[in-house]
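Structures incoming, each one as structure tokens.
Consider the two complexes below, in which chain A is the common component and chain B and chain C are the respective partners.
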Partner chain A sequence: MQTATRVTVRTATAASGNTVAVLAFGGDISSASKDTVLGAYHGLNGAASHVLLDFTGVDYINSSGIAIVIQMLLEAGKAGTQTIGIFGLTPHFQKVFTMVGINKYAALHKDEAAALAAV
Partner chain B sequence: MKSGSSVEVRLPSELGFEKVAMSTAASMATLMGFTEDRIEDLKTAVAEACINAIEHGNQLNSGLTVGVVLSTSDDRLEIKVIDDGAGVKTAPHAPDIDRKVHGEEDPRGMGMFLIQALVDEAEWYKGPPGKSFVRLVIRLDKENE
Partner chain C sequence: MTHARRQYRQRALAVLLALGIAGLTAHAQHTVEHLALNPHNVDGMSLGAPVSLGARWLAHQGDNPAWAEPGLDDSHWQVVKLEVPLARQGMKGVDAVWYRLHVRIPPNARHLSLMLTRTEGSLEIYANGALIGGWGSQAPGGSRLLIISWTGAIPDLVLGSGDLTIAIRARIGNITHGGDIPVGPLGVESEELLGPSPAIRNAAALLGFRNFTSNWTNLTLVLIVLLITAALALTVRNEPEYQALLVALAGQIGYQALILWTLIFGTHITLGYGLLYYGVSAVWIIGLIEFVRLILGIRRSRAFIIYYALLGVVSPLVGICTYLYWLPQHALNGPLSVAASLFTQLIGVPATAGLPLLALWVAWRKRNRDALLLSVPLLINASWVYYSFGLYLLRLFHVITEGAFVSAEYTPVTSFNIAWVEVVSFAFSVALLVFLVIRTIRLAREKARAASEMQAVKTLQVLLLARSQQATPGYAVETVYRPASEVGGDFFLVSPHSDGSIVAIVGDVSGKGLLAAMRVSLILGALNRESSRIPAEVLSRLNQVLLGQSDMGFTTACCVRVEANGEYSFSNAGHLNPYIDGQEIEAPGVLPLGLKPDQAYTTVTGHLNPGQRMVLLSDGVPEARSKRQLLGFDKLLELTRLDASEIADAAQNFGQEDDITVLALALA
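Right, the complex of A and B next:
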């Protein structure tokens, strides 16, 4: 019953001129997504100082999926040199991410243009 | 939809089937006239309640099912999610994002908090096997607050 998680990795150029790694997710983000999501993040090898998480194509997120985002924030914090931003969440999940406090560690943006303008 | 209507769904104890309960709850809330943002709140709360029942209550035992009973009255939709576990011992607490991001607390464990935060009433009842449940309520009179 769970829809597979998809991750596309690409780069974009921020308004500041910085290169940004974008992890674009699709399908479900749940406990079954852990290896796919963290595998894509680890594939960046810490080379990107700015990472954006794109939830535009996500159909379903639950608290286990949110925990995977927190795991990425934990790892980015350990690296010490990486910022993570988030865009493409529905208004409901922007509210949920804010309720659990993710916005304290990752800026939430409406869309990619807003996210790239902020880097 | 007639007040006093009731729908029951039985879910296999397999992650992913919570979506069936989400869809059923959303359909009933739509028929009752709840707004889209309240329905989104309800969908997340119902999903988290079912995930807890599947994972913790029934411990992913394929021989057990999760019962979801949805009941309407004039101004409220009540959902009971029933499992075969021993019930919940502790009250939900707000996640401490600082501790989670610093690796001092499990990143998971936010389900009960989300349930309580997203619906008007959430109560957990301990009972004998097959009788433990969480009861969720959303009220139409909250729509304009």
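Right, the complex of A and C next:
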């Protein structure tokens, strides 16, 4: 039984002083999450040059969910104006994200503090 | 009577007219033809049948119990018209008012009764000075009582003079004198009958029967539609439109039940009653819009939420405030009352009048058959809205009289005076039922056809995967494939070669169902045509095949080549790495197939010794879930030492969430 995807958008200040948009996800991320996840990202309207994806509240990401994350990263890569970081992944999904090459498009951090320090 | 119908129209429109609640009674009474009789001398000499006492009464503002006496000189009392608000007849700020009427009856008349219908407020009824009935408090303000039908016997003792003076003492509070619509203790919807007691009892029984059967029929019909909808909602839980309709119909039944209760028992009009009335009405309207929205496939945008808030909160609040007369006295006669009425009307109009137009637009633009079908009941519902809204405007601008307004709300076909709103309500329920039946049959047929197609795809996939498992001389290969749904997104292929080598590939297409199965068929077709046996080349060419199809999801794959001497090489495109005797053979992470045109795939080499076993898996194994816990990668270190079927069993028993594919390969 999958739970609905939740997204909250907030801002944080990086150690460098830059303002960072943080998309905090919750629940499960699957094919049903496409509109929620991409909608939240598109809602930033490219205004944020630094974006962090917070997976702390995510219970499960299936292959369709990973496809959505990849799509988001490829969109950001095409625009070329955003840096994206990821934190809050469980060890399992850190391995999965590495396996599918996401770590080449977004730095994976252990937690928010580490992510903000790296911006 | 018309007030009740008026309220129904208001509900249908979300029209919460200023004095709306009084209209409840209109739901099932008959049209009142008020005769312009002389209230000083009404002819009741032919009392073989009930006589209507007419629309002209003597009235006097104030309260004095002595005014019940037959000998009172009321010659200076004002003659009022029941179809016109007292406020428009010079009686401003009325709380207490008396009505009187003089009837000439045969001196030998006996066993007479009086019948009043559709009265509001606290009343006491006197015949020749004798109290023959009453209800409510005569304290200032009175009681907000709505009485549908009352009959009272006139004692024979007070008869015999040939003159009968009927006096009615009324406390009407401040609701009944300021409104634009004539509501009062006696109003345009009231009927006052005098006649022999048996005939009056018959008239009362007929009215009760009429009210009960008409409204009970509609209530029963709505109940039937609700039960069918409940069955659909429970059967097809993934289609929320039935849940929305269920909520709407629950509101409708609440409304109908409220009407029926009022018709049978009358009611105290209180704030709680108003909240209940407006509450069930709002549930019905919002539920109906949600149902239509879901059927038409329209996204629930913020506009819908705002509109629901207007319908569910703002409009009822305006209606209740107006109704409770929290506005200054007499203001309802002025522009404020018209503005409040129009405001609530304008909020409500799109809810019903606009829905069929929306359905027809969607039917035309998207060739949506459901939208076309649904437009029929919606048009039936809206036909009443268009009609009654037109009547309301005509009356508002005094193009037609209140009497004509009342008459126009009834069908002319029977002497039983069926109201249009009842006909429309009945036809709407029938049309909605027909819509549900036709749609359910069509969806069942479509599902049967889809299931048949899915079965065909499943058969094709099984055949393709069976071809993937060829004889493998020199190698011990075990494959296990367990789809999570009817057709899965995992695939594998084993391809031995005359040079003694073997190529094995295991992959995963994201998603499930028909789309994933089609993609698997495409991939297996491409792999079967593939001439290269070099893993990185195989993946590169598959990557080219899948480019531009990312809308269909993504594909991961791990391709391995093992030589007869045990040398192996493999490349990975975002898939799980192979395991040899419980050890993961790591390869750098690479994007899945079909996403990047110039993607390069690293080749990892090694040696598979006799007795060692290489295991390729799909993510259905480590991502098996139990109580929200993943089986995980750590357990693979142990599991991959087992046979392929045992690995699949372990994952399946843990909690299968996705397709499970295990391919174990060893030198024979």
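As a convention for this text, the second predicted complex is superposed on the first by the 118 of 119 C-alpha atoms of A that agree within 3 Å, B and C clash if a C-alpha of one lies under 4 Å from a C-alpha of the other, contacts with A are read in each partner's own complex, and residues count from 1 in each chain.
To be clear about the criterion, a residue touches a chain if its C-beta (ideal position, glycine included) is under 8 Å from a C-beta of that chain, and two chains touch if they have at least 3 such contacts.
Here the structure is a predicted model, which is why all the values come from computation and not from measurement.
*Asks:* Will chain C clash with chain B on chain A after the two structures are superposed, or do they fit?
*Replies:* After superposition on chain A, chain B vs chain C: clash.
*Asks:* Which partner reaches more residues of chain A, chain B or chain C?
*Replies:* B
*Asks:* I'd like to know which partner A:70 touches here: chain B for first, chain C for second, both or neither.
*Replies:* It touches chain B and chain C both.
*Asks:* Under the stated touch criterion, which partner chain does A:12 make contact with: chain B (first), chain C (second), both, or neither?
*Replies:* The answer is neither, since A:12 touches no partner chain.
*Asks:* Answer with first, second, both or neither: which of chain B and chain C does A:38 touch in the superposed model?
*Replies:* neither
*Asks:* Should A:107 be classified as contacting the first partner (chain B), the second (chain C), both, or neither?
*Replies:* In the superposition, A:107 touches no partner, neither chain B nor chain C.
*Asks:* Examine A:98 and indicate which partner it touches, taking first as chain B and second as chain C; both and neither are also allowed.
*Replies:* A:98 sits against chain C, while chain B stays out of touch.
*Asks:* Output check: A:60 vs chain B and chain C. Expected answer is one of first, second, both, neither. What do you get?
*Replies:* A:60 sits against chain B and chain C alike.
*Asks:* Where on chain A do the contacts from chain B and from chain C line up?
*Replies:* Common to the two interfaces on chain A: residues 31, 60, 62-64, 66-67, 70-71, 74, 92, 96, 99-102, 104.
*Asks:* Which of the residues in chain A end up touching chain B in this complex?
*Replies:* Chain A residues touching chain B: 1-2, 28, 30-32, 60, 62-64, 66-68, 70-71, 73-74, 77, 90-92, 96, 99-102, 104-105.
*Asks:* Along chain C, where are the residues that touch chain A in the complex?
*Replies:* 489, 508, 510-511, 550, 553-554, 556, 572, 574-577, 589-592, 595-596, 619, 622-623, 625, 628, 630, 632-633, 657-658
*Asks:* Which residues of chain B touch chain A once you look at their complex with the stated criterion?
*Replies:* Checking each residue of chain B against chain A gives 14-20, 37, 40-41, 44, 47-48, 51, 95-98, 100-103, 106-111, 113-114, 117-118.
*Asks:* Residue numbers of chain A touching chain C in their complex, please.
*Replies:* These residues of chain A touch chain C: 31, 59-60, 62-64, 66-67, 70-71, 74, 92, 95-96, 98-104.
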